[in-house]
Amino acid sequence: MSQLFQEAIIVSILAATIRAMTPLLFSAMGELITQRAGIWNMGVEGTMLMGAFTAYIAATWTGSLWLAVLAAIFAGALMGLIFAFMTATLRVDHFIAGLGLNLLVSGLTLYWFQSYVQGRAQPKFASFQDIAVPFLSDIPFLGPILFSQRLLTYVAFLAVPTVWFLLYRSRYGLELRCLGENPKALDVKGLSVTARQFAAVMAGSAMTGLGGGFLMLGLSDRFVADFTAGRGWIVVVALIAGNWKPKGVLIAVTAFAILDSLAMHLQVLGTPVPRQLLLALPYLASVVLLMGVRFRSSQPGQLGVPYKRS
Amino acid sequence: IAIGPGLARATEPDKLRIAVILSAGLESGWDATLIQALERVKAKKPHGLEITWKNTDPLWGDDAGDAMRVFAESGQYDIIWAHSSYSDQVKKLKDEFPDILFVVAGSGNEGLGGNQYWVYKRTYEPAYLLGTIAGKMTKSNKLGAVGPFPSDDINDEINAFFDGAKAVNPKIERSVAFIESWYDPAKAAAYTSAQVATGADLIFQLMDTFKPCEEAKIVCFGALQDQHSLSPSTVLSSAMALWDPDVNHIIDAWWAHKAEGKPYAGNTDKHWFAMKDGGAAMAPYGELESKLPQDVRGDVEALKAKIMAGSFEVPLDVSDPKAH
Amino acid sequence: MSTALRVEGLTKRFAGVAANDDVDFDLRPGEIHCLFGENGAGKSTLSSCIFGLYRPDKGQILVLEKPVHIASPIDAIRHGIGMVHQHFVLVPEFTVLENIIVGTQRSGWRLNAAEARQKLKAICDGYGLDIDFDAYVWQLPVGRQQWVEILKALYLDAQILILDEPTAVLTPGESRILFDIMGKMCARGLSIILITHKLIEVMQSNRVTVLRKGKVVATLNTAETSPDELARLMVGRDVSFTISKQELTPGETVVAVNKLTAVGLWGEAVLKDVSFSVARHEILGIAGVAGNGQKELFEVLCGVRKPKTGSIRLMNEEIAGLTPRCLMDRGVGHIPDDRFREGLVPEFNVAENLVLGWQRSAKYRSGPLMNAKAIARLARDMIAQYQIATRDEKVAAGKLSGGNAQKIIIAREFLNASGLILANQPTRGLDVGVIEYVQSQLLRKRDEGFAIILASEELSDLFGLADRIAVMFKGEIMGVVDTKQTTLAEVGVMMAGQRLQTAHSLERIQA
Amino acid sequence: MIRFEQRSEQNSLWTAASFAMAILAGLAAVALLLVSTGANIAQVFDALIMGAVGSPKALATTLVKATPIILTGLATVIAFRAQLYSIGQEGQVFAGAMGGYLGAQLMAGMPPLLFFPAVLLSGMAAGMLFGWLAAMLRNSFAVNEIISTLMLNYLVVYLLSWLLEGGPWGESGGTVSYQQSPMLSGDDFLPALFGSRVLHAGVILPFIAATICSIVISRTPLGLEIRGLGYNPVALRHKGVNIGRTVFIVLMTSGALAALAGAIELFGVAHRLRADNLVGLGYTGIIVGMIGGLRPLGTVLAGLFFGGLASGAVYMRVLGDVPGSLVPAIQGITLFFFLCAGVLARYRVVKVAVQ
C-alpha cells in the first residue's frame, strides 16, 4: 500500500488513466453532440463496437492504421445514419432503438468476425505506439504522464475544447443546442429539424465510432466477442454525471478512469482486499459520488423525445 | 472371416467420429491446442481408425447440454468431447446413451465415472521451468502474472511459475492480476502495463496480450500454446498444453469398450498427463534465444531432464496466488 | 381593393373531422383583422395553414393577390409572413438574443451576434421596446417572453403578422402596450391577424372574422358591430356578460391561512407571511401580476409544495404540509394554471383524465379493477354537461384545443371538490361562451356553500365574481379589500407594490 | 407521391399485416446476411425450425429458454411503461439466483409444497432489494436510475464472484473451479412436467406473471398510475398520486420479476449457482419487452420467439456450418424490423397529388 505513493507508481496510475480515457473521451464527446441535439443514443456500446470491429478488419486487411481510423469513423457515421433514421424519421423510442442497435452490432460483428477468421489463426496488426513529444516528454513526473501517449490521445483531449467551441461559439452549435432544448423553435423558422438531427447524430456517432476504433488500434491488437466490454455504458454514465457539459463530462470520465486505474494498481500491488472489491470500486464510487452532488440539471429539455410537429 | 473372438473382431470399428463442443473458440489456446492434437493423432491412425470430428462454436452451460443431446441423438458420434466444465450436462445424458463416451475437460467438472471421462490439464511443470528462467533473468526481482479468474488449473501454473523463480532467486516478489473476464484484451493490456509500471520486468501472460510487453521491451511468457508467433520480439517461451496423450488415452478407452467389449471406466478423480508423459511442454525459445545466458539455458535443460526422468517433482500448489 | 393575404376555400381535416371547412378570408394591408371563435373553432389551424405548419387539404393562399405555394414555414417567411404561436416556442435556456438569431444565420462558422444585435436594437428603438438581449428567457416574466416571440417574427422582416392569443398571458397593462405597438406596426404597413377571446380587444381591431366549427360565419367591420352580436355569432345564442351575483352572507370560515411562508428551489423566499381566510359562500379573489407568488400559494394550498412556516387550517384542522392526496380527500379541488402539465396527462384519453386522482375511489372500481363502464358513463355525462368538443371519450386529451382541455379539468374538480375550490386562471384562453359557463359554475359552487380562492389576471373576473380581493406582490399580500368598497385604481396601485394603508392614502391624495 | 399519415386509431388487420411484413423483411435480411458469408440458407432455416418447434422436446426446450427472458421482459415492461428506464434486469437476475440460493440453504428440508414457493420468493425478495436501492437512490438522492441500475449490474456480478470464490458459497473439496457453488441436492430441483427431462414446473410462471401484469397495467388504478407516471409525473403529483411510492412499487416489482427469472434458472435448469448461465438474460429481456411493444402479452410472444431461436440455434450450430453468433444477429435484425413495423402500424399510406 505504501508503495502506492512512490513516484513511479503515481506516474503509472496517471499515465494509465490518460490512456484509458482516450476512447471514452472520443465517444463521450460524440455522444455529447448527439444528446445535445436531443437524440438519446443508447447505442454507444454498439457504435463503439462497430467502430472497433471495422478498424480491426481494416487494419488487418490493409495494414494501414490510419485507413483503419477512417474506417472506424465511417462505421460510426453509418451507425449514426441508421440510428437517425430510426429516431428522427421513424420516431422510434430513442432508448429502445439504442438498445436494439447494441444487440444488432454485437451479433453482426461476431458473425462477421467468425466468418472472417474462419478457422485460421486470428490475424493481428501492429497497433499505435506512444509518441514522445520532444522535450516535453522529458519533464520529470508530468512528461511521462502527459507527453508520452498515443497521437490520438492528444486528439481526444483536444476534442473537448473543440466540442465546447462548436457548441457554444459556432452557429451550428446554437442550432444543435436548440434541437435538444426545443426543436420546434427551429421548425417554425422553416429549418428542417430532421436534417439537422441526422447531421448531429452522424457526426456524434462518427466520433463515438472513433472511440471504439482507438480502443482497438491503440489499446489492443485483436478482436474478441463484445470487444468494448461495457465501455459504451460508462460513456452514457459519464454524460449524465457530467451534466451534459464538455467540462463536466471530461471530469466524469477522468474520475472514472482514475478510480479504475487506481483499483488496478492496488490489485497488482497485492493489496490484501478481495479483488472483487477493487474491481467494483469505480462503479461503487460513481454511485456514491452522484449521491453527494446536486446541480441544476442541464439535461436538454427535449432529450429523447421524438419530435413531432403538432 | 473368423469366429469366436473374431466376433468381436467382426464389429471392430474402422471409423471413429468425435463431436467436439468448444468453450472459447478456435482463437483461444485452450480450444486450438485440442484441435491441433486431434490433427496429429488422426494422422497416426491409432488402431487403424479413421478419425473424423466436427466442432461447434463456443457453447456454454445448457446450450452445450442441448448440443450434446443433439449429437447423441443423431447417432452419428462415438465420442462427445465437451472441452470445458460440462459434467452437469453430461450427468443428464450419460446413462441415456451408455454407448457414447463423454469427455469433459478441465477444472470445474465432477468425476462421474462410467462413460464420462474427465481429462485434466496441468501445465505447471513447464510454467515452473519458465519461472526458473524468469528468476534468473529478472533485474527488478519482481515478476508478474496476468490471468482471467483464479481456479485450480490456473493457479497451479501461476504458483509454479513463481515457485520456479523463487527456487533460483529467493528475492523474487510476485505480482498477480486477475481481470475477471475471459476476453478483454484492452483490460488485460492495462493490467499488464500496471505490473510493468510497478516494477515487474518479466510477465507470465495467460491472456494472450503482449502489446504492453512490446512497448516496455520486456520479456514475456505465453500460456497454453506456443505464442512466439504472436509477438516474436517479446515471447521467449510458453507453457504449452499438449492433448495428444489425452486423446490417445480416450481413444484407447473407447476402443477397449467397442472392440474388446470392456465396460467404460471413466475416472472420478482429476487425472492429467505430466510433462514426462507428453501432456505439457515448454515451447522452444524463439528469436529471443540469444538473450538467454548460456548458463541459464544449461540449468533449464538440466532441470527439464530431471523432470522428464522423474527425479525431480515440481511442487503442485493450487492455492489462490497472492501477490507478495 | 388589393389584399395583403387572401385565403380561398381552405379546408383542413384531422382524422376526418374538418377543423377548417371551406374558409375564405382576406387581410388588407395595414389592418388588424381579428379571428374570433369558440375554443376548437379552427383559428389556430387556419393560422398554421397560412404559416405552412399544416398543409391544407384544399384551397389556396394568395399573398398580394399572387397564388403562393406554402409547404413549410420557410416559404411563409419568404413571403413575409410571421407568426407568434399560441404556446411559446422559445428556448428557456437561451438568451433573448440567441432565441431570436438561432437558425437565421445563413453563412459563416462563428456565431455572428454583433450584426444581429444592431438590427434588433433598431427594431426595438423603432417600437419603443426595451429588452435586455442577454437575459436568459427563463429569467423573464411571461409578458416579456411574449415580446421575444414578436421580435423573432419582426427580425425575420415579417410584413404579415399572425398573433395567436398573444394577450392570454399578458397583464392588462402589457396588453395595452401590445396594442400600442400593433398600432405602430400597422402604421408602417404591416398587416396583422389577431386571435383573441377577449371582446374588448376584438373591438380594437379593424375587421373581425367569426369562425364556428371550422366555418366562417361572418366577416364584419368592427366599427359596425357590437360585442353582443359577435358573441351571438360565435356561439349561436345570446351570451350574457353581466354576472348576476346573489347576495349571500359568508358562513363559517373554511380555510384560514396564517403567516404562511415558503421557499423556492434555491432557498429564496417565494411566500412571505401570507395570511387570509375564506368562508363558506365566499369567493376570495387573488389579484396580482403573474409571477408574484400566486402559483406558489396555490401549490402550497393544494399540497404539492411544502410550506416553510405558518399554518393553514381547513375546517379548523391543520393541513399545512399534508399531501395533495390528503387535501383532495378533505374536499379541496384545484384548477392549476398550466393545464397540460399540471392538470392533465395529455396522452390519456378524456375519460381517464376525468377520473385522474380518483382512480382508486370506490365509485370507479369494481373489485380491484377499474370499472370501465362507470368511467365511460361519467365521461359522456361530463362531455355533454361541459360541452367538451371531442369526438368521444376515447380521444387523447392532448389532441383537444386548450379550451376543451380546461373544461375537462374544471369538470373533474367541480365534481369532486366538497369544501374548497382553488382556481388559478380558470378562464385563461377560454372563449366567452365557456367563460360565462365557468363563471356561472363558480357562482353556483359559492351558492352551494363552497369557499373559493380565485386568481385571475382578468380584473373583470375578480370584480365580477369575488367577494373580497387580496392583492399579491412579490410573495406578499399587499392588502385584502372588499370588492364592493374598492376600485380598480386601488387594486392597481397595490398590484404595483403599495400596501393597503398607503394605497388608501394615495387614493385619498389623488381624490 | 405517397405520404405517411398517422392513424387516429389502430387497425388490427393493418397492424397484423405490418408485423407480418416485418417478419418477412427480417427473414430476407437474415438470408442476405447468410448469403454474404456463403452459408446454406435452407439448411440453416431448417435446423432453426427443427430445433425450435420440430419435436415435443424441441418445444419443451423453447419453453424453458423462453421462461427467463419473458420474465425479464415483463420486468422491462413494468419499468419502461412508467418511463423508469431501469436496465438493472441483468443484475436482478443474478440477485434472484443468489436470493434463491440463500433461501435454499436456510430452508433446506422443508416439504416441497412450501420449499419452492419459499425459495422463489426469497429470490424475488433479493431482486426487490435491488429495485428498492435504485428507487431509493432516485427518490432521495436524485441519482438517475439508468446510472444506478447499470452500476448495480456490475456490483452484483462482483459480489457473486466474491461469494463463489473466496467467500462462503464457493465449491470446496474436490473441484475448485471457476466460480460455482456445489450442486443443489436433487430434492431442490424444480419438479419436472409431463415426465420430461427438460420441462420444469417453472415454465408456467411467466404466463401467470404476464396475465397479472397485463391486467394490472391496463385495468387497475395502479396501472393507470404507472402509465401516468411515464407520461406526466407532474400532473400525477397534483392529482394526489405519491410519485415516490409509485417509483418504489414499479422498480421493486420489476426487480422481483427479473429475479424470479434468476431463481427459476437456478432451481429449474442449472441446479447450481454460477454466473455464466445467467449472463445476458436481463439484456435480452429488455429487447424482448421492447419487441413485445411494452405490452405483457406481446412480451410473451416475443419471448417465445426468442426462446425458439435460442433452442433452434443449438440445432443450427450442430447441423449447419454457420457461426452461432448468427442468432444474436437475427435477434437484432428482428428487433429492428419489429420496431419499424410498430411505426408502420400507426400510420397509413396515403396518395397525395403533387401540387
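In order of appearance the chains are A, B, C and D, and numbering begins at 1 in each one.
By our rule, a residue touches a chain if its C-beta (ideal position, glycine included) is under 8 Å from a C-beta of that chain, and two chains touch if they have at least 3 such contacts.
The chain list, named the UniProt way, goes like this: A = Putative ABC-type transport system, permease component.
Computed from a predicted model, the values in this text were never measured in an experiment.
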- Item | Chain of greatest Cα-centre distance to subunit A | C
- Note on the structure: Between subunit A and subunit B, the Cα-mean centres are separated in Å by 37
- What is the distance in Å between the mean C-alpha positions of subunit C and subunit D? 46
- Roughly how far is subunit A from subunit D, going centre to centre by Cα mean, in whole Å? 28
- Query: Touching two or more other chains, which residues of subunit C qualify?
  - Reply: none
- Would you mind listing the residues of subunit A that make contact with two or more other chains? 114, 225, 276, 279
- Query: What positions in subunit D touch 2 or more of the other chains?
  - Reply: 158, 161, 165-166, 323, 325
- Report the complete set of touching chain pairs. A-B, A-C, A-D, B-D, C-D
- Item | For the subunit C and subunit D complex, residues of the former touching the latter | 15-16, 69, 302, 304, 323-325, 327-329, 334, 336, 341-348, 352, 356-357, 359-360, 365, 368-370, 372
- State the interface residues of subunit A toward subunit D in the complex, per the touch definition above. 86, 90-93, 95-97, 99-101, 103-108, 110-115, 225, 230, 233, 236-237, 240-241, 274, 276-277, 279-280, 283-284, 286-287, 290-291, 294
- Would you pull the subunit C residues touching subunit A in the complex into a rising list? 51-54, 72-77, 83, 85, 89-94, 98-99, 101-105, 108-112, 152, 156
- Note on the structure: Given the complex, residues on subunit B that touch subunit D span 19, 56-63, 66-67, 70-71, 74, 85, 88, 92, 107-111, 149-152, 155, 180, 269-270, 318, 320
- Message: List the residues on subunit D that touch subunit A in their complex, please.
- Response: 33, 37, 80, 85, 87, 137, 141-144, 146-148, 150-152, 154-155, 158-159, 161-162, 165-167, 283, 286-287, 290, 323, 325-333, 335-336, 339-340, 342-343
